[in-house]
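Pasting the structures in now, so scroll down.
In what follows, chain A forms one complex with chain B and a second complex with chain C.
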Partner chain A sequence: MNQPSSIGSVQMASLFLFFMTGSSIVLVPSPLTHEAGAGAWISLLLAWCMGAVYLACILYLYRKHPDLSLVGSSRLALGKLPANLLMIPVVVLMFWNVAGIVSEIGLFFRSTMLKETPTYVVNSLMFVMISLTARAGIVVIARMSALLLAMMVAFIVVVLLLVWNLYEPDFLLPILPNGMGPVLHAAYIVYGFPYSELIVFAFILPLVRREESHKVRKHLYIALSINGLLLMLSVIGSLMVLGPLTGDLKYSLFQLARLIFVREIIERIESIIGFSLIVGFYFKASILLFILVRTVAEWLNLRDEKLFTLPIAFVCLLLSVTTYTQEASLDEMVNVVWPLLNNLCYVLPMLAVAAVTLVRRQSPPDASRSPE
Partner chain B sequence: MLTKTVCFALLAVAMLTADLARLRPAGFKEKLVYGTLLAAIMYLGVVFIARKLEWPNLDTLFDLFNGPAKKLVKSLS
Partner chain C sequence: MPNDLTTRPAGAEHADLAVSRRLSDNITIMNRLFAECGDLKVYSWNYGAGLGSKACSVFLDTLVNHRRHNDFKEALQNLTTDRIGPTTSVTLAELIAFFEHRGTAEPAVELLGDFSRVVASVLDGYVVVFVDGWNRALGSLALDIAKRPVSEPITEPTVQGPHASTIEDLDSNIGVIRNLLKTNRLKFRFFESGGTVRRRIVYGYLDNAVKPATLERFRSRIDGIAAEDILDVSYLESWLVESRWSPFPQVRYTERPDTAVAALLEGKIIALANGSPSVLICPVSFMEFFVTSEDYYYGIVYSTLIRFLRMSAFIIALLLPSTYIALSTFHSELIPTVLLLAILNTREGIPFPAMVEALLMEFFFELLREAGIRLPRPIGSAVSIVGALVIGQAAIQSQIASPVMVIVVALTGIASFALPQYNMAIALRILRFPLMFLAASFGGLGIMVGFILIYLHLTCLHSLGEPYLSPLAPLEVRKLRNSFFVPSRRKALSGFRRRSADRPPS
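Let's turn to the complex of A and B:
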C-alpha cells in the first residue's frame, strides 16, 4: 500500500463536518418533520447524542492505537481471520453507501433542475468528479474542503436569514401531540443517516499528523456540535416557514430558497442554494469513496490503492443506477432499512472491536496464563 | 439502450486508459482484485444496459432486512 500523506486535525474536523452535514442538511428535515412534526428537534437531539457516543468510541480506539485504522485495530483485537471476516459487511455496505449518496444527487436533479436529463448521465458526471477527487488523495480533499465548506455553510445561513420575514413561531407547537412514538421513529431515521455513518471515520483518523493527534478529540466534537447546530437551524427554520408542509416537501432548504423575496432585488435564488447542496453531496461522496478505497486496500493488503479508485467508483456508479431506482423504494430503504444495516455492518463491528480492546487493556498481560 | 451503451463504453475506456500504466507493473494480487472488480462492472453493466433489474444485486441482499427493519420501526412508533 502506498504511504498516504497526512493532514492536520482541523482539516480532519472540516472533512468530518462536511461528511456529516453535506447531504443530510438537504435530506433530513423532510422525513424528520414528516414523522415527528414540531418535535423533530427532539429527535435530532436524541440521534445527535448517539452520534456523540459513537464518536467517543472511535476516539477511544484512536487513542489506544493512533497509527491503526479500524482494520488494524480489529486485527489486533480479534485476530486476523475474524477481523477480515468482520470487514466483509463493512465494505459491502460502504459500496452501497457511496452509491446511495449519488442516487440521491440524481433524484435531486431529476426533481428540481434537470427534469429531462436521464439520471444515469447526472450520476456518471458526478462519479467522474468524485473518483478524480478521491484519487487525488486526502491532502487535496482536505485543502478543497476549507473553501467549499465555508461556501456551503454561508449559503445555508444566508437562506435561513433571508426568509426571516416568513417565520411563524406558532408552527413550532404543539411539540408532542402524539406522544414520544413518532419522535423516536424520527430519531431512528436521523440516527441511521447521518449519525451512525460517522463510524467510517475510524478508517482514516490515523491520517492525522502525529503531532496534532491530541487535538483531534476536541476538533471532532466541535465539528459534531456545529453539525448538530446547522441541522437544528435547518429543521427549525423549515418548520417555522413551511409548517406542517415541511414533511411533505423534499429538499426543504431548496424550497425555502424559492420563497425568498426581498424588494424585487433578491428572489428565486434557489440555484445558489442548489449549488451549495450539490457541493455537500459531492464532497460527502468523495470522502466516503476515498475511505472505501483505502479500506479495501488495507483489508486486502494491496500495494497501490490509487489503482482501485476508478473501478470501485465505477461499481458504485452502476449500483446507483441499478438499485433502488424508484424514488419511493429509495426513500423506504433510507428511512427504514438503512439504520438497521448501519447498526449491523458499521456500529456492531466497531463496538465489538472497542469492547475487546477495552477488556484486553483492563486485564493484566499475564491474566490468561494459569498460575504454575 | 444505445445511449446507455455509449455512456458505459466511454467510462470503461477512460478508466482502463487511466489505469493501464499502473496496472502493468502491479502484482498478481492487485491484478486479481482489479479483475474481480472488472467482472462486477461487466455484470452490473449488463443489468444496467439491458435493464435486468430483477437480477440479483445488492438490493436483493438488503431487502432481506426489510421485514425486521419494519418490525423495529413499528415497535418504535
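Let's turn to the complex of A and C:
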C-alpha cells in the first residue's frame, strides 16, 4: 500500500499534545509539589513559558526550511561534518529517552498494580507495541492519535471530576512558604521533563502536508496551551486533594483515582485509570521511537528506515531493562540529570542551529562565501 | 471434411473449426464434441418445397425450455410465411438472405460461424439450428432452469422494510436492483471468468457517486480474474482484499437489494456472480458493520439507540471473557465487595483457574454453535436443548464451571449474534481467545495491549485504498457523527445530493 507519508497540521498538533502530556500528566505533579509545595503551579507556568520559547525556535527553523528536519537544517547551517557530529549526542539521548519512558512504565506497574510481574516482561510487552506502532509509520500513528487522545483526556477529566467531594481549596495556600528558590528549582525539573523534550519535534515537522504548513504554528501553540492547562489542572487537583502529601506520593493522578468513591459502585477504579494512563506512556514512546528511527536514518543516510525500527527498538529494550532497575535512581535521573542532559544534548544543538540560521539570514546573501 | 476427424480424439481442437456447409459433417462434429453428454439432443427436420431441404436442431435437453424450442421453429415458419412466402416454398438462398441481413427482430437469435461459439451457445442454453448448405448456424436462446423464488432474506431478515432477497440468478438480481435505482448512471460491467466454469460476473457502480481512484483500483485488482475458475462471488474477496491474514472482513455481503442500492448511492462498488445470491460490497469501513438497512426504516432516536446497543455488543463479544478473567485473577478489588463474595462463593469447589474455566466453556459454546449450524433443521433443536443442559445446568452442578462463567459465556454468545454482519462476528470469535490469554497472563495490562494492537491493526488496514477505520482514523468529525447517530432521512438525502453535485462526472 503506497500511502502518502505526510500528515495534516491538526494531526501533528495532536501528536505534539500527546507527546507533551502522555507521561508527564502522571509523573510531573509529584516532584513538582515535592519541591515547590503549593507554588507548584507557578513553576509549571515558568517551565511552560520556556517551552513556548523553544517551540518558537523550532517553528522559526521550520519556517526557514519547511522541507528540512533538524538534521537537514543543521547541515545547511553548519556544514556537513559539524552537523553530523552535533547529531551524535542528540541521537544518543533519544535512545536513552525511549528507554527511560518504558522504564517508567515498568516501574509504574511494579509499584502499583502488577507487583509480582517482572519488569522486563512489562517492558518487552511495551516494546512489542511500540516498535509495531513506530514501524507502521507516521500516517498510522497520526490516525491512531485521535481516539487515544480522546480516551486519555476523558479519563483525566473523569478522575478530576469524580474526586470533587475531596477538594480542599485551603491546601493551595500558602503559595510561597520558602520564597522563590524552591519554585525555581521545581520549574527547572518540569522544564527538563517534559518541556525541553519538545525539541525532538523539529525532526518531524517537515512531515506536515505542504498545503497545511502555514497552520502548523497556530495548531502547535494551541496544543501547547491545552497541555499546559491539563498539567495545571492535574497539579492543582492533586494539591487540593492530597495537600502536602502530593510531593511524597508518586503517580498523583493514579492516587487520586484510588480515592474515588461513588456509592459503592464506582470505587477503587484506579486500575482502569492506570491502564488508560498507560496509553499516554505507550503513545509518547511510539512517537519518540518513530522520531529516533527517522533521525538515525536521515543522519546515516539510510534508505529504508522501516528496516531499522526493530533493531533500534531492541537496543532501547536492552537499555530499559539494564539502565534503571532501581526506582530511586530513576527519580534522581528524572529530577537532576535529565534537565541537564536535555540542555546539553537537545537544547544546545537546536539553539546553535537556530542562531547560525538567524545570523546567516541577517548577513548579506553572499556572506556565506566570505565570512571574514 | 478433414478425415483426421475420425482419428483424433474429441476435444478442444475441434472447437475452432468453422461450421461446414454439409449438415452431416456438422452433426458428426457436434456428436464428437459432446460425446458421452447424454443430454445433448440432435433433432433433424425438413423444410422447403416438398420438405426437401434438411435442417437440424441441437440443444442440451436439460437446459432449454421445450415450449421455447417449438416456438423457435414456429417463429421460423411464421417469419417465412410473412416475409418470404410459405414454409414449403422457402429456398435456402431466401433463408440465408433473410437471416444474414437480420430480417428478424428477435434479439436472441444469433448467427454462429465456428464451433467454439456453437459449443458455448449450446452450453448457455441456446437451441442451435444447422441448415444444410449454409456455413452458419442459427442460435436461439431458450434457457430455462429452475429458479428459487424471491423470498425473505434468510441471513438478514427485517421487521420493517422490503422483504425481498436476491436469488441465484444473476439477471433477475440486476433487474431487481435496476428497478430500485432507475438511472442511467447506474453502470454494470459484465465479464465472464474461467475456462471450465465460465461464470458470468458483473460489477456495478453509480457513476459520479463512486470515487474514480477506487474504481480504478477495483479494476486493476480483478484484472487477471477472467482466467480463473470463479465459483462464487466470495472468491473475488481474495483478489480484492489487501491483508489476507487479517481476521477482519474487508468486504461486505448482503442478500438485500435495498442494501445494495443504498451502498451504490454511497459510492460503493457491488459485484455479483451467477449462481450466488450474495452481493459483494466494497470498499467497506469498520463502522459500516454496525449499520443495517433497517436503521433507515425506523425513527432516528430508536435507530441510534439500537446502533449503540450493537456497538456495546461488539465490545462485550470481544472483551467480556477476558475482562472476567482479568478481574477475577488480578483486579478483584474492582468488583464491589458484596458481588465479589458472591462470585467467590460460587467458585468454591471448582478445580480450574478462571482462564481454564473460560476456555473450556467457550470451547463448548463454539462446538455447539458449529454443530447447530451444520445439522439438519429438525435435529438442530435437539442440539440446542442438549447444549443448554450441558453448558448451563450440568456444568454448574458437576462443578466444572461457575454460574458467573456461564453468564459470561452466554452473554458473549448473544452479543456476537447481535452484530448485523456475520463476518464481523467471526473476527470477534477469533480475537477473543488471544485476548483471554493476554488477560490471564497480564490482567488489565494484557487487555490494554491486546486492544491497542487490534486498534493498530485496524488503523493500518485499507479496503480498496480507503482507510478501514475511515471516519474515526483519520478523524472526520461530521462523518463520524453520522456513523454513530443515525442521521435523519432529509439530512442524509441532502448530503447525498451535495456529494454527487461536488463530483464532476467521471
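Operating definition for what follows: the second predicted complex is superposed on the first by the 362 of 372 C-alpha atoms of A that agree within 3 Å, B and C clash if a C-alpha of one lies under 4 Å from a C-alpha of the other, contacts with A are read in each partner's own complex, and residues count from 1 in each chain.
Rule of thumb we're sticking to: a contact is a pair of C-beta atoms (placed from the backbone, for glycine too) under 8 Å apart; a residue touches a chain by one contact, two chains touch by 3 or more.
On a predicted model such as this, the values are computed, not experimentally measured, just so you know.
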| item | value |
| --- | --- |
| Which partner, chain B or chain C, touches more chain A residues | B |
| Partner chain in contact with A:Val356 - chain B first, chain C second, else both or neither | neither |
| Partner chain in contact with A:Tyr188 - chain B first, chain C second, else both or neither | first |
| Chain B versus chain C as contact partner of A:Thr322, first or second or both or neither | first |
| Contacts of A:Leu348 with chain B and chain C, given as first, second, both or neither | neither |
| Contacts of A:Val92 with chain B and chain C, given as first, second, both or neither | first |
| Contacts of A:Leu125 with chain B and chain C, given as first, second, both or neither | second |
| Chain B/chain C common contact set on chain A | 121, 128 |
| Chain B residues within the chain A interface of the complex | 3-4, 7, 11-12, 15, 18-19, 22-23, 26-27, 29-30, 33-34, 37-38, 40-41, 44-45, 47-48, 53, 57-59, 61-63, 65-66, 68-70, 72-73, 76-77 |
| Chain A residues within the chain B interface of the complex | 35, 92, 95-96, 99, 118, 120-121, 124, 128, 181-182, 184-185, 188, 296, 300-304, 306-308, 310-312, 314-315, 317-319, 321-325, 333, 336-337, 339-341, 344 |
| Chain A - residues contacting chain C, complex | 1, 3, 8, 11, 109, 113-114, 117, 121-122, 125, 128-129, 132-133, 136, 140, 142-144, 146-148, 264-265, 267-269, 271-272, 274-275, 278-279, 282 |
| Chain A-facing residues of chain C, complex | 242, 330-331, 333-334, 336-337, 442-445, 447-449, 452-453, 455-456, 459-460, 462, 465, 467, 469, 472-475 |
